[in-house]
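Down below are the structures I want you to see.
Two complexes are shown next, each including subunit A; its partner changes from subunit B in the first to subunit C in the second.
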Partner chain A sequence: MAIARDRPAGEQGSFTAAGLLVPATLFVAIGLLVPIAILLRYSLNAFEPGKLMVDAFTIANYVKFFTDPFYLQVLWRTIRVSVACTAACLIFGFPLAYVLARTRSPYKNLLVMLVVLPLFVGNAVRAAGWMVAFGSKGFVNSTLMGMGMISTPLEIMYTETAVVIGIIAVNLPFMVLTLQSVIEGIDRNVEEAAFSLGAPPMAMARRVLFPLALPGILAGVILTFILAMNAYATPVLLGGPKFQTMGPLVFSTFAQQNNWPFGAAVSFVLMTATLVLTLLSSLLIRRSAR
Partner chain B sequence: MASLTLDRLTKRYGDTTVVRDVSLDVRDGEFLVLLGPSGCGKTTTLRMIAGFVPPSEGSIRIGERPVTDLPPWKRNAGLVFQSYALFPHMTVAENVAFGLEMRKAEKAEIEPRVREALRLVRLDGYGDRYPRQLSGGQQQRVALARALAIRPDVLLLDEPLSNLDAKLRLEVRLEIRALQQQLGLTTVMVTHDQEEALTMADRLVVMSDGEVRQIGSQADLYETPTDLFVANFVGRSTMIAGTIYAPGAFRSEGGLELTCPPGPVTGLATMSLRPERLTIGPDAARLDNHMRGSVAFVSYLGGLLDVHVRLNDRDQVVVQIPNRGDVFVPAIGDQVEVGWPAAACLVFPRETN
Partner chain C sequence: MMLDGRIFGRMALFGTAYLTLGFILLPLFFVTWLAFFAQEIPSFPPEGYTLKWFGAIADNRNFATGFLTSLQVAIAATLIGLALGVPASLILARQTFLGSSAINQLLLLPIVVPGIVLGTSIYVFQIETEIATGLPVLGSMGGLVAGHALLVIPWTVRLVTASLTGLDRAAEEAAQSLGADQWTTFRRVTLAAIRPGVVAAALFGFVASFGNLEMSLFLVAPGSITLPIAILQYLEWKIDPTVAAVSVLQIALIGGAMIITDRYVKLARVV
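Then we have the complex of A and B:
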């Protein structure tokens, strides 16, 4: 009894805190690390048609990926699309987030809801909607042709542009919400102080707003970049069968070609590329804010 | 430094007018204080001068320069915020240098000016710290140094002391005032603390409900307030309601016949008395107005005593006496003689609303 009473007050608390972390830790370990470990092991196995998977310890799958121009092209395209989408989300999202964070309008909550609303519609449903709207016989083209503004349908569907636009639409709310919460935490007076000291808006943004919003910019960029790299429904539905990116490639290798070892290798390449590029971009953003 | 002129400045939000027809002349090197109760439009007025709030009507000049339509970054007005608003990601020196960098000053020029500004606020050697590593009082001084470094035409202070503890507030008050006089800074400060206003200002502007009630020196406001609001707001007053029925003759609602200086007021009126101008005890009998009353309440304020004396059913006055230890201290229920000279009476028309 005496010993228990003598114990510093904080210790009991930290035991409790550690206890509270256990479920989350277990969940991450079982739900994420174990599958990744299994995937890594699979990616080193060999593949024989008909046999699904043969136990081995080879890097042949990775060699195959990095020597075949087709796969390299898919990887490069995925990165290109993701970088473009993330940059666009940041450029469009920042002003929007700023307005949302700073508005004193009584309709602020409504505006936030409008930003979040697209998230209520699943990616696939939304992309299907876009197909209807932008197809060669879709709403946009038939309207434009009906009005005599164009004679042949615009090629919107099944292009890289369509996929980029689609992913931007999906990811923008994530960027906006992340940035908004961080900008709301920045004292408005700090911006005004910069103005009164002689900084025009762009100088204020560069020297004060962006550096202070950096944690939000980083979080938003990381979140949207990861989402873009791993996008599935949007590239499949808006890009069409010939437009391959890494997400769909993983799925088709596993599910259609039944090539588990190679699928695992592709997954690992995707995961590593995402991780490396994310780290790289955060370094870059941090550096440029100096 | 320059003078500052506000001409019939008005601000409306929708149907509500929060600042109405404010005209002011702040002389070069003058310390002007805007004083008024919460919500009377002080901050709005200051923010119009700084350029953050576009006026609905009226104009602003800094020196000879019309600035009404200029954005804040072109006004050269140094602003110190109540919350200090230091840049948290910059060191103290970087904070102070910011305005100079925006003015494209040479590197070689910036450094000595930053050092000079920090020396003025007695923060030499703190240049490498971050704002979060400073106390509230120090942060406040950095904010001041930052505003001073740009050599502003006017210095604007919005309740700069309200986040400091009482003791520090007294210190910083004197410091700001000394600095302002030393540098000859044209300054407009906003506060609702009247003691602060009285100790720092060259001239004061009393505002209420978006309007200027009176502009003048401390003595002007205290001795000759233009209306009941000012009489009540600046210093303490004790009030007697009644009627002026002949020049210099006032009859209170409780039936007291009082003499006051003849003035323009007739009919329903309110007499306002400064508690320290009243006398209690035998000496009171020699004064123009004197009567007997009973002590209702005594509040002990340390150096001073407030004696609340009930004169009749309707009328009560507060008499302030110094707590010198040797004077007669009345007790509750005592019958006492109270008096005041006619000159101590300020009479205003009764405000009917």
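Then we have the complex of A and C:
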């Protein structure tokens, strides 16, 4: 299997190489590709209340999803929230990524750690932080009422706004780290050249920095969009039970209603929608960059 | 005029950058603040401050058992993930052959496939495995660890291959020509070179497993619990200083792990 190019050892070397590579490859193939194939097969089965799953070969689950206004609305809401979050992450993430990439500060490592720490702490914990801020007696409402700017508390918890703010905060570190690594690879001299030719900062950014950072922008947009489409903890905790998005819908269909075929179909709709929109956005970004 | 433009631009740039950093950290700040509130309800301004909620954590069985389960699963998954991922990375970083980039992509896939889809897929896979073999896979500790090991492999492959691309092959050949056997060369040259990558992979893999929520939701047995699930379920019910105190402990634990790792390998260089 392994045809070593830069190693003359031949047979023995190839066998060792295969022995080192095959376990991980098999593990991921069996643990990931086979399950996804089974999930696809499940989505074509039928569901009968009381009997759970019945073997079949039907697209009824997909038809059900795309003909029911409720499910279409959930899909549309998920897409809307994800697009808003991804755009905000790009706009606010770029300046931070640029500063992190270009700083010569001895505290650079600390700054990077401050970006990574929230990423590691988990979505539920960060949602808890926003719950403290957004509650009817929370920080935002108490402060605004204390200043006399409002007389009754604002409804922030369990709204789309709360979910959007929560997901932006969750996804920003991913965007910042992706952009930072690409900006670090751009030679600082090309920026200086643009400035010395008289370009104002925005023109430099538009004509020099953004085109060169395009691979990073693409990667960051794709990553944060995928994460937003599939968010679970943030919409559950900040959106509440009435604010349905695709991630929580998959879980409740599967685990609470035990409707495996339909849950599998919803999973596939989510995966396909994410994939298609990702491709579309990368086409769009490449085009607008030209 | 032009210079003014640049100074204004720099101020706007730094202003936005630090506001964004503050925004990212804001939820951690609020949850930490709440953990020290004297009263149980998260209302502002707080009536006073206390440490008693940290003592209350132990009274909640879910947090204690959830923490232990998460710790065991994350350690086991990290060890398995490293055992599978490091050898594969050694090959992938060094050799190009038919299908090597496809294998590389495959090994990175588990962190690209959305958590909730990964969870459902592995859940149905375990159902089918249980039907086919009769072994109690679903809801077992082994099933949970195997699922989490899948999350560790991509981090290992990404970080270890990155640390190997900087190593000059000549260093190994030099060691061998000086009389070192293959094993000594591997131990003293190759392993020494990839150590930062392995340490970083262990940290990222451990954290990815410890903090995983979506996959665990599907794979834990009824009645069994991990820490992120315990926190989620508690928050679905209410928010109070006890769950905030648990969160603070988690933030401190992960912050500590990052600082220790940072001594071996600068995080700014690997993420």
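Keep this in mind: the second predicted complex is superposed on the first by the 256 of 290 C-alpha atoms of A that agree within 3 Å, B and C clash if a C-alpha of one lies under 4 Å from a C-alpha of the other, contacts with A are read in each partner's own complex, and residues count from 1 in each chain.
Here, contacts are C-beta pairs under 8 Å (C-beta built on N, C-alpha and C of every residue); 3 or more make two chains touch, one makes a residue touch a chain.
Just so it is clear, the model here is predicted, and its values are computed rather than measured.
Chemist: Pick one for A:F195: touches subunit B only (first), subunit C only (second), both, or neither.
Modeler: It touches subunit B and subunit C both.
Chemist: On subunit A, which partner touches more residues: subunit B or subunit C?
Modeler: Comparing subunit B with subunit C, the partner touching more subunit A residues is C.
Chemist: So in the superposed three-chain picture, is A:I217 touching just subunit B, just subunit C, both, or none of them (first/second/both/neither)?
Modeler: Neither partner.
Chemist: Which partner does A:P23 reach: the first (subunit B), the second (subunit C), both, or neither?
Modeler: The answer is second: A:P23 touches subunit C but not subunit B.
Chemist: Which partner does A:D187 contact after superposing on A: first (subunit B), second (subunit C), both, neither?
Modeler: Only subunit B; A:D187 stays clear of subunit C.
Chemist: Examine A:R207 and indicate which partner it touches, taking first as subunit B and second as subunit C; both and neither are also allowed.
Modeler: So A:R207 only meets subunit B here.
Chemist: Between subunit B and subunit C, which residues of subunit A are contacted by each of them?
Modeler: 195, 198, 200
Chemist: Provide the residue numbers of subunit B that touch subunit A in the complex, in ascending order.
Modeler: Of all residues in subunit B, those touching subunit A are 50-52, 71-79, 81, 83, 85-89, 98-99, 102-103, 143, 146-147, 150.
Chemist: Report the residues of subunit A in contact with subunit C in the complex, numbered from low to high.
Modeler: Within the complex, subunit A contacts subunit C at residues 1-7, 17, 20-21, 23-25, 27-29, 31-36, 38-39, 42, 92-93, 95-96, 98-100, 108-109, 111-118, 120-133, 135, 137-139, 142-143, 166, 168-169, 172-173, 176-177, 181, 195, 198, 200-202, 226-227, 229-230, 232-233, 236-237, 247, 250-251, 254-255, 260, 263-264, 267, 270-271, 274.
Chemist: Once bound in the complex, which stretches of subunit C touch subunit A?
Modeler: Going through subunit C, the ones touching subunit A are 2, 5-6, 9-10, 13-14, 16-21, 23-31, 33-34, 41-45, 84-85, 87-88, 90-92, 94-99, 103, 106-107, 109-110, 112-125, 128, 146-147, 149-150, 153, 157, 207, 211, 213-214, 217-218, 228, 231-232, 235-236, 239, 243-244, 247, 250-251, 254-255, 258-259, 262, 266-268, 271.
Chemist: Under the touch definition given earlier, write down the residues of subunit A that touch subunit B in their complex.
Modeler: 187, 189-190, 192-200, 203, 207-208, 211-212
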